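Think of it as A, B, C and D in the order they're written, each chain with its own count starting at 1.
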Amino acid sequence: MLKKQIPLAITFITGVIIVITFFIPHPPFGRLQQDALTWYSVIFGFTMLLGVDSLVRFHYRKLRRREKGWWFSIIFYGGFLLSFITGVVSEVRFGDAFNINSSFMYFYNTILIPLQSTMFALLAFFIASASYRAFRARNIDATFLLVTAVIVMLGRVPVGYMLWHKLPNLTSWILNVLQLGPMRGIMIGIALGTVAMSLRLILGIERTYLS
Amino acid sequence: MIEALGIWVAAGLTLAIMSFLYGDNPIYKFAEHLYVGYSAGYWLIYTWHFTIKLMVIQPIAEKQPGAIFLVIPLFFGVLMLTRWFPRIAWISRWSIAFTVGIGAGLTLTGAIHGYIIPQVKATILPLWTGNGFSSFNNLVIVIGVLTTLIYFFFSRPHTGVLGKTSKVGILFIMIAFGASFGYTVMARISLLIGRLDFLWSSILKLVHFF
Amino acid sequence: MNGENISFWEKLGKIDRRWIFLIIGLVVFIPIAFGLRMTVHVSPAVKSAYDTINRLPEGSVVMISIDYDAASMPELQPMLKAILRHCFDKNLKVILINFWPLGLPIGNQGLEEVAKEYGKVYGVDYMNLGYRPGDIAVMLRMGTEIRSVFYGDIKGTPLDSLPMMKNIHNYDDIAVVVGLEAGSMGDYWVQYVNARFKQDLILGVTAVMAAGVYPYLQAGQIKGLIGGLKGAAEYEKLVNHPAFGHIGMASQSWAHVAIILFIILGNIGYFMERRRKRGL
Amino acid sequence: MILFILFSTITVKAFDTPNDGGGSITIKAYNVPETVKKALVYRKTEGDTTYTLAGVMSILSYRYVDADSTIKNGKPYYYRVDFYFPDTVISVVSDSPGIAYAQWYDKSKTSSLIFLIVFSTLVLVFIQLAKKDPEGLYIRKIPALDAIDEAVGRSTELGKPTFFVHGLLGITDAGTLAALTILRRVAKKVAEYDTPILVTNFDPIVMTASQETVKQAYTEAGRPDAYNEKNIIYLTYEQFGYTAGVDGLMVREKPGAIFLQGYFFAESLILAETGHSVGAIQIAGTTAKEQLPFFVAACDYVLIGEEMLAASSYIGREPVMLGSVKGADWGKAFLMGIIGIGVVLGTVGAILQSAGNGALMNVFEKILAFF
C-alpha cells in the first residue's frame, strides 16, 4: 500500500546507500555522508515552519478561548514579533542579521543572553537540592554513588586540599581510571544498541510511526 | 540612556527567571513567555540565514558543483508541508522516512567507526606494563568495561556468574555516575557565580547612574 | 504517624528545598557582595601559560581566539580579561579572532573594556578580526595569509589600513595563540595549527573540559593550560590583579562545602528515621 | 663537505594520498635532521616553468598533504621542499612526480566493515531463528519499562495529565527514535485510560513523527476519534527556552506522570527537579552518558543507555525484535571476546618482552594497528 510500503522503501534505500558509500571515497560517493547532513538540515528548515506554526496556534487558541493566563500569550507574540521583525529588518539592512551592529543582535544581547544564562545558572540550585534529597545511603549502590560524588566534589576545590593534601590525587585517579571503564562500557553498549536499532529501521522491522 | 535601559532589562529578566526558585509566579510567567516567543523567532531567522540562505540559495545562485542535488531535500522539504492539508498529510511520511533513513545510515556507520572500533581498541591494554601501579590501573579499566557490558546483556537471565558480574558492573556504573555528578558541581556553581556577579555589578552601576 | 515522634533530624530530612536554594544563593552571593577572597595556589599548568606570554619581547603579537558563547562566559571571560591585562601591561599587541559567531559581542566587550583601562588604541595596539565560517579551513588558510580569509576586521575596515597589521600575514608573525574553549575548537588548534605550523599554543578551557585537554599539555603540544574559574583565579594572581576569579573561588569553595553538609544532614535524618521505624 | 653529505641524505617522496576521493597528493620527507626550523613545499606541473608555493610542511611528522583545488587526477606534479636550517637553506626535489587518483575502497575502514558484516549477520541469523522458534526467547527485566503502565494509571487516578518531554536531538539520533517507541506505548495507555497527554518537542521533525506515532497509538487502542494533534506541540529550538517553557507547563498543569525521553544536555536536571517538585512519577531515559547521573538522582525510574534502545523489543515482545536483541547480545559477546584475547595477548607479549623476547609484542602491536 502507498501509505506504508513507500515510506519503508524510502528508509531502506536511503539507509543502504548511506552505509555503502561510507566505504567508497571515490566521487561522487565520498561526499555523500556530508551531503546527507546538509539535506537533513534543509528538510529541517522547512519543518521549522510547521513547528512555529504549531506554537503560534497553541497561543492563538489560548487567546481566543480566553484560557487561564491568556494574556501571557500576548507576551509570547510580543517576543516572537520582536525577534522576527528585527531579524528581517537586519537581514535586509546588513544582508546578515548576525552582524554585530544589527538591532537583531542588540536584542539578542539584552534579552536572550540574560535569559539563557540565568536559566542555565538555576542548575547550581537544583544540583544542590538533588544531592540533598537523592544522595542517601539507602543501599550499597547508592552508597557507592554518594561516596564517589563527595570525594570528587571536595577534591576539586582548595578546601579539599586543606582537608587532606592527597585528595586531589585521589580525585584524579577516580576520574582517569576508576570511572573510565564503566563509562566506556556504557558508551560501547549505546553504540551497539544504536547499530542494532539502525539495522531494524533500515530493514523495516522497527516502524514506530508507520503502522 | 540606552545602555542603562539595557542593564535594567537584563537585570530584570535575570531576577524574573530566578523567582521561579520560590515558585511559579506572574513575573516568571512573563519571562518564560517572552523567552519562548523571542527564541522561537530567533531560531526562525537563524534557520533562514544559516540553512536556507547559505546552504540552498547561495549554492544554487553561485552554480556550485553538485548544487543540482539540492533538489532532493527541497522535494522532501516541500512534501513535509503537506501536513497543512489533512487530506494529503500522509505524504509527509515520505519525508519523515527519508530523514529516518539518513539518520539510520549515518548512526550505523558512525557508531561502528567512531565509537565501537576506537573504544574497543583503547580497552585492549596489557595487564603488565613493567610498573605495578599502572598495571593495576589497566586491570581496573578492563574489568570496568567488561562487567559494565555484562550488565547490558538482555537475552539471558542475570543469575549465577552472569548475575554476580552484572552486580559488579552496576557498582562500577554507580561510581562513574557519582564521579560525573561531583565533577559537574564545580562548573554549575561557576555559572551561578557569573550570574550573581552580573546582577550585583548591574545594581552598583544603576545606583551609580542615579 | 505520630507528630511528636518526628525528631528534629527527621524534619530536617524533609525540609522545603527553598531553604537549600536560599543557603546556596547566600553562600555564593556573600563573597561577591563583600569581595571576600580565597588564597589561590598557582598550579604548574597555569604558571607555564603565564611564563610563555611573560617571556615575549615588547611588540610581539598574541592572538586570542574566542571559542565560546554566553553559556560559558562566567568561566572563560575572567581568563580573557586576565590575559588581556597581562598582554597590555607588557605592551604586546593583541588580535582577537572568533570561531563561535555568538561569542562575537562577548569577546569584543571584554577587549574594549580592558583596552580602555590601559588606554590602548584600536588598530595600533589591538584589533578584532571577527568571525568567518569554515572552522578548520579558516585556521589552515591563516597559515599562508590572514587576508585570504579576513578581508577586513570586525567592522569591515580593510586590514591594511590598520597600522599594526602592516607586517602581520600568517602564523610566522604571531608569537602565541591563546584559545579560550568551550567546545571542540581547542582540539583543532592543537591538531591543525600546532601540528602543521608549529605555532605556540595556550588553551583556556571550561572546568568540565580540563581533564580531557590535559594530555596535550603532557605531550608538549600546548605551552600552558588554564582550567575553569580556578585557572582564571590563578592567572589573576600571577598578573597581580585579583578580580572575578578570586572572588569566585571563595564562592565556589563555600558552595561545595554547603552541598556536602546538606548531604551529611540528609543522611543523618535518613538514618534517624530508619532507626525509629525499626524501633517501632 | 661533511655537511653536504648530511643534507644530501634527505629524500622527498610524493605519492597519491591513500583512501581518498582524489585531488590530493602527500609529500613526505625522510632523514630530516632535527635542526630544521621550517620546511616549505613548492609545486610544479607540466607547462609550468617555475615552482609555486604549496604550503608549510609540519616539522613534527615531515608530511604535507597537498589538496589544492587546482590538482587534477592522473596528472603528474613535481615537488620541491626547501628546508630552512639556522644558517642555510637546502632544496630537495621529489625523486618522482606524484599523481593523484580516487580510490573505490577505503582500506582504513576495513575493521569497521568486518564488524558491520559480523554484527549484521548475527542479528539477521537470530531474527530468522526467532521466527522459526519463538518459544525460547527471553529478555531480562527492565523495571523502568514495566513502570510505564503504573505511572499512566496513577496519573489517571489522580485526574492529572501525563507529560512526555522529548530530548534535544533530532530524528537522526537513535535515542530519539527509541523515545518514539516509548511514546507509542505511553500514548496507547493514555488512550485506553482516556486521560489527557501533552507531548513537548524541541525539534520540529520529531514533532511531526510524534504526531504520527500518537495517532497510530490511538488507532491501535481503538479510539482514533480521541486523537488531538494539538496536544503534541513544538516549543522553541533554544535549549533553555525549551527548558523554561516545559518547566512552566509542569508547574501549571501539574502532571501525574512525566516521561523525559531522548538525548538531553545540561537541562536534564532542571527538568527532573521541577518534575519532582510537582509530585509526578518520573521515568527518564537517555543515551547521554553525562546526564545519566542526574536522572538517576532525581527520577523514580531511569532507562540507562542501551536499556532505552532495547525498549521497542521489550515493549513489543515480537519474536523478530527479540531475535535482534539476542543477535546484538552475541555481537557484544564477540567484542568482549576480542577484548579478552587482545588483553591476554598483550599481557603475555609484554611479559615475554621484558624477558627479552619481543616477537609476540610485535604481533600484538600489528593487530592493534589494524584496528
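For this structure, a couple of remarks:
Keep this in mind: a contact is a pair of C-beta atoms (placed from the backbone, for glycine too) under 8 Å apart; a residue touches a chain by one contact, two chains touch by 3 or more.
Every value quoted in this text rests on a predicted model; they were computed, and no experiment measured them.
Of all chains, the one whose CA centroid is most distant from that of subunit B is C.
Taking B-D and A-C together, the pair of chains sharing more C-beta contacts is B-D. Inter-chain spacing, taken between the CA centroids of subunit B and subunit D, is 13 Å. The distance from the centre of subunit A to the centre of subunit C, with each centre set as the mean of the Cα atoms, comes to 23 Å.
Each chain gets one centre point, the mean of its Cα atoms, and the points for subunit B and subunit C are 21 Å apart. Centroids of subunit A and subunit B (each the mean of its C-alpha atoms) stand 3 Å apart. Residues of subunit C found to touch two or more other chains are 17, 21, 24-25, 28, 71, 73-74, 207, 230, 252, 255-256, 259.
Shared contact sites, meaning residues of subunit D that touch two or more other chains, fall at 109, 116, 119, 170, 172, 174, 177, 205, 208-209, 212, 235-238, 240-241, 244, 252, 289, 292-294, 296-297, 304-306, 310, 325, 328, 332, 335. Within subunit B, contacts with two or more other chains are made by residues 17, 20-21, 29, 31, 33, 35-36, 38-40, 42-43, 47, 80, 83, 93, 96, 99-100, 102-103, 106-109, 111-113, 116, 120, 123, 142, 145-146, 149, 152, 173, 177-178, 180-181, 183-186, 189, 191-192, 194-195. Contact residues on subunit A toward subunit C in their complex (touch as defined above): 98, 100-101, 105, 108-109, 113, 116-117, 120, 124-125, 127-129, 131-133, 135-138, 146, 150, 153-154, 156-161, 172, 175-176. Every residue of subunit B that touches subunit A in the complex is listed here, in rising order: 6, 9-11, 13-14, 17-18, 20-21, 29-31, 33-45, 47-49, 51-52, 55-56, 66, 69-70, 72-74, 76-78, 80-81, 83-84, 90, 93-109, 111-113, 115-116, 119-120, 122-123, 137, 140-149, 151-152, 169-186, 188-189, 191-192, 194-195, 198.
Against subunit B, in their complex, subunit D makes its touches with residues 109, 111-112, 115-116, 119, 137-140, 170-174, 177, 205, 208-209, 211-212, 235-238, 240-241, 244-245, 247-248, 251-252, 289-290, 292-294, 296-297, 304-307, 310, 313-314, 322, 325-326, 328-329, 332, 335-336, 338-340, 342-343, 346-347, 349-351, 354, 364, 368, 371. Residues of subunit A touching subunit B in their complex: 3, 6-8, 10-19, 22, 28, 31, 33, 35-50, 52-53, 55, 69, 72-73, 75-84, 87-88, 91, 96-98, 104, 106-115, 117-125, 127, 131, 140-142, 144-153, 156-157, 174-175, 177-195, 197-199, 201-202, 209-210.
Partner subunit D is touched in their complex by these residues of subunit A: 19, 22-27, 30-31, 40, 43-44, 47-52, 54-55, 57-58, 61, 69, 112, 115-116, 119-120, 122-123, 126-127, 129-131, 133-135, 145, 183, 186-190, 192-201, 205-206, 208-211.
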